[in-house]
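Next, two complexes with chain A in common: one pairs it with chain B, the other with chain C.
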Partner chain A sequence: MLQTVVTGLAIGGIYALMAVGYSLVFSILNFSNFAHGTVIMLGAYAGYFVLTLAKAPFPVAIVGSIISGAVIAVANEGLAYRPLRIRNAKPLYFMISAMGVSILLENLVYATIGAHFYSYPHVFEMENVVIGEASIGILDLFALVFSTVAILALHLFLQHTRSGIAIRACSYDMTVASIFGAKLDRVIGLVFLLAGGLAALSGVFLGMKYMVYPTMGWITNKAYVAAVIGGLGSLPGAVIGGVLLGLLETFVSTYISSTIRDVFSFSMLVIFLLVLPTGLLGRNVEEKI
Partner chain B sequence: MYIRGILTVALINIIAATGLSVFTGFTGLFSLGHAAFMAIGAYTAAILTYFYKVPYYVALAAGTAASGAAAAVVGYPTLRTKLRGDYFAIATVGLGEAIRVILENLKITQGARGLPGITQYTTLPVAAALTVVVLFVARNFVVSVYGRNAVAVREDPVAAEMIGVRLLRTKMISLIFSGCCAGLAGGLYAHYLSFIQPVMFTMVQSTQLTAAVVCGGTGSLTGPALAAFLFVVLPELLRAAQMWRLVLYGLLLVLIMVFRPQGLMGFRDITFSTFLPAAGRGKGGAAHGIR
Partner chain C sequence: MLAGALSGCGQQAQPPKEAPKEAPKEAPKPEVIKIGHAVALTGDASIWGQSESNALKMWVEKINKQGGVNGKQIQLVAYDTRADSVEAVNVVKRMIEQDKVVAIIGAAQSGVTIAMTSVTEPAKVPVIATTATNPAVTVKDGQLKPFTFRVCFIDPFQGTVAAQFASTKLNAKKAAILYDVGSDYSSWLGQYFTEAFEKMGGKVVAKEAFRSGELDYRAMLGKIKKENPDVIFIPTAQKEAALAMKQARDLGFKGTFLGGDNWGSPDIVTLGGKAVEGQYFVNLASMDDPDIQGFIKEYKEKYNAEPVLPNPVMAVDCLIALVEAIKKAGTEGPAIAKALEGTADLQVLTGKLTIDPKTHNPLNKPAIIQQIKDGKFVFAEKYVTK
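Right, the complex of A and B next:
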């Protein structure tokens, strides 16, 4: 029981980290950024190559991965979303553009790096830390702590800095925020910078826990479910959704069956959309007339 | 042989894209889960001919009906809540993935291994004939009362409701029609490739269909058909480029979104009247038969 909770929390932490990136973009631009998963994948590759090819120490790999994720996300916004934004295109056009980006980048990786599975070199001992009756791998513990720190840092940034306040203002009403002097392009760039960095970080954790391969970004479908459960566009919601989903999945696979785990998550998504479309902490999504 | 094969697959895609075009282009609702309807049609038809030796055309019809029924089941709760455009798209993503995972875990679908050795009944003439039929029915649907209601819903749901268009009913008819088309396409596909697997019906396939509709032009039938055709044929022409062709495909999607969001055809259509000014009048009678 306790063991299941601990495992669930460890997975939930990574889901939360990914879901926060989704929500951040959604809160500003109101569309689901399907290219987020690709940034996670590229971040994982970046971390892997810094670690193995450059033989750099682990902290350098994390920083390198975060920087490359941020750069990719910002470039993605500038090239694929900005032209649509200027034209006030419908959210679905953004979504298709995001799909295009993710197909493009994923296959670029296939074409250049190849379809091999890479496993991260062992940074941590394979030991377990025992807490009471449960045990947790050092890697999981590290991922959990680091995710928590990253999300807290993001929260503090959004609450207490000028840029953070600008982001929050824009997420309520872009036009009004820009009248009050928020520079939209900069705010949106910053949002993608943050989301990309977080994505890359979660990519490194995922890569260390499992493997690095071109389609690993599809795991973000789960993060996406987490973001919807919590309420798209809400950061605390994303965290709660991520942890909740991690716990639920672990419980389902422990006590029922691991094969129906995915059916379960996706049904959760649909049920939430039907019963509580705004999620647990989301804002009202009534159609504007 | 090779060219015939590509043409057949292209025609099958046209059928699916035409159905989706009615739903997305004319009713203004976006689905990113239509591959699931294709999967239902493909599996129903394939299982019927494979295990129960049902005649091909009966199996195709059953697959079509099963997808239509699935569309009704899925559509009623989701469309009733009036989910906002992109939330509906998200719900369809979830449904599509859920159906795929279910197919991977059922016994009769043989899980992720798929069904090999389905008899190859679909030929180029069959696909071509059915494509013509679907295009014809879709065109009649679009010019019928139902089609015009759908356009009204797309343009302004509130105003449409005020003048007496029943929103749920219009959306449901449109979804069921497009579900049927996707199911038919799925059944044809299964009996052309003679092998189906849940992996073939992922979100990527759904996106490709939606992308064909958007790139071809929402509010056009021939545009999406043309785009669906090009999406199959162009990658084949670029086959020498191996992995790079999918890179190009992704790039193409982004470029079309950025530079020509109204799609290749915009709201225009190639109809009979383009060639024969007198023949393009729709009476709408045929539309009654497709519910």
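Right, the complex of A and C next:
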């Protein structure tokens, strides 16, 4: 029982990290950024190559990965979304563009790096920390702590800095915020920078826990579910949704069967959309897709 | 004979110069024989698919340089299936309706090939599967599919080989199975293993399933570990197997792991690391096989990479059998199928190929047990079908 909770938290922490980046973009631009998963995947590759090819120490790999993720996400915004934004396109078109970017980048990885699976070198000893009757891998513990720190840092940034306030203002109403002096392009660029960095970080953790491969970004489906559960566009909601989903999945796998785990996860998505479309902590999202 | 042709290709400088001189004379007649290739070039199975595709291109080039088949050049029409059944049906339709292929090589996956035959059988286009090992690929409900063939052994045999090996060589009394419920290959192989293992007096103490693409196996492995098996049979692809083995070792499982031919990619070592060291799996072809050294050398020279066995070798076996059938019977589907059915003692890369007319499966196809030692696949045992 305790073991299941611990395992669930370890998975939930990564879901939360992914869901936060996804929710961040949603809160400003009101669309599902399907390219988020691709940035996670590229971030995982970046971290892997910094570690193995450049033989850099682990902290450098994390920083390198976050920077690459941030750069890719900002470039993605500039090339694929900004032109749509200028033309006042509907959120649907953003979503289609995001899917295009995601498929393009994934296939680009197949064509250049190839279909091989990569495994991160062992950064941590394969030892477990024992908490009562349960044990948690050092990697999982590190990922959980680091995810929490990253999410808290983001929270403080949004609450206490000028840029953070601008982002929050834009997430309520972009037009009004811009009348009050928020520079939209800068705010949106910053949002993608943060979301990309978080995506890459979760990519490194996923890569270390499991492995690195071109379709690994599909796991963001779970981040979308987590974001809906928590309330689309709400950052604390994304965290809660991620952790809840991780726990739910682990309990289903352990006590029922892992073959129907995803049936539970996605039923949860449908139930929330029907009964509580704003999620646990969300705002009204009627006009959003 | 083939080995000679292979090693002769080391001097690549001269033949290409001759070929273009003759080519222009024949060029006005656009007489080509189109052969379809349904292959996973992207997706999780693409590591084999890309290698398979490379090998076929190389071999077709070689046949064409030597004058083609019945005076015609072979043209390969390859489309990506992504190892997805729906996608495969679409590409096969395109091959047959638009490209007018005379026969199709592929697919590597049983489920995908079974889906393809729903189109190829009515269209009377022969299909030769490379590594689709499920019995239902060629025989469904006791009914032989007249246009579907394969060059690999079948899963009941593979499952029996694994069970025999576990029972006699590893002295296993209790086995557990961790399988992919989303894959025909995996669930049936688990079933065949169970039947053979219990027939030999062993007991399957746990059977745990997961869905394709699973990343975390701790919940299932925890249940398996409680039963304390000697062996865990993991009939899945290398990615799933490597992750599961790693996690099983993390949980403190000390026994042996055993797998099927889908393990045979070097990825299993890079992914599994120490966890896969010393473990065993059944395979279709081995890099150590002296018969295919020429092929491996040629492949390495051309692509500057090692072929990812067994698919490239099996695909070339398909091509050789197909070319032989076309030589005898021409390019009509039913005639090719008839000729394929009569394939006997044909020299292919992996040995002599004889197709059983009753099942369209190869006879006397050896299965190899390999062990992972120092990150390499080492030959351990050889079994032959009866």
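As a convention for this text, the second predicted complex is superposed on the first by the 285 of 289 C-alpha atoms of A that agree within 3 Å, B and C clash if a C-alpha of one lies under 4 Å from a C-alpha of the other, contacts with A are read in each partner's own complex, and residues count from 1 in each chain.
Operating definition for what follows: a contact is a pair of C-beta atoms (placed from the backbone, for glycine too) under 8 Å apart; a residue touches a chain by one contact, two chains touch by 3 or more.
These numbers were taken from a predicted model, which means no experiment stands behind them.
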Once the two structures are overlaid on chain A, check if chain B and chain C clash or fit side by side. clash
Tell me the contact category for A:119 with respect to chain B and chain C: first, second, both or neither. second
Contacts for A:107 in the overlay, against chain B (first) and chain C (second): which applies, first, second, both or neither? both
Per the contact definition in the header, classify A:262: touching chain B only (first), chain C only (second), both, or neither. both
Between chain B and chain C, pick out the one touching the greater number of residues of chain A. B
Classify the contacts of A:57 with the two partner chains as first (chain B alone), second (chain C alone), both, or neither. neither
Given the touch rule stated above, what does A:7 touch, chain B (first), chain C (second), both, or neither? second
Considering only touches as defined above, state whether A:210 meets chain B (first), chain C (second), both or neither. second
Contact residues of chain A, present in both the chain B and the chain C interface: 107, 110, 259, 262
In their complex, what parts of chain B are in touch with chain A? 30, 32, 77-78, 81-87, 89-91, 93-95, 97-98, 101-102, 105, 157-158, 203-204, 207, 210-211, 214, 242-244, 246-247, 249-254, 257-259, 261
List of chain A residues in touch with chain C within their complex: 3-4, 7, 11, 107, 110, 114-119, 122, 126, 128, 137, 209-211, 213-215, 218-219, 250, 253-254, 257-259, 261-262
Sort out for me which residues of chain C touch chain A in the complex. 41-44, 46-47, 49-50, 181, 208-211, 213-220, 222, 238-239, 242-243, 249-250, 267, 270-273
Taking the touch rule as given, give the residues of chain A at its contact with chain B in the complex, in rising order. 30-32, 79-80, 83-84, 87, 89-93, 95-97, 99-108, 110-111, 221, 224-225, 228, 259-260, 262-263, 266-267, 269-270, 273-274, 277, 285-287, 289
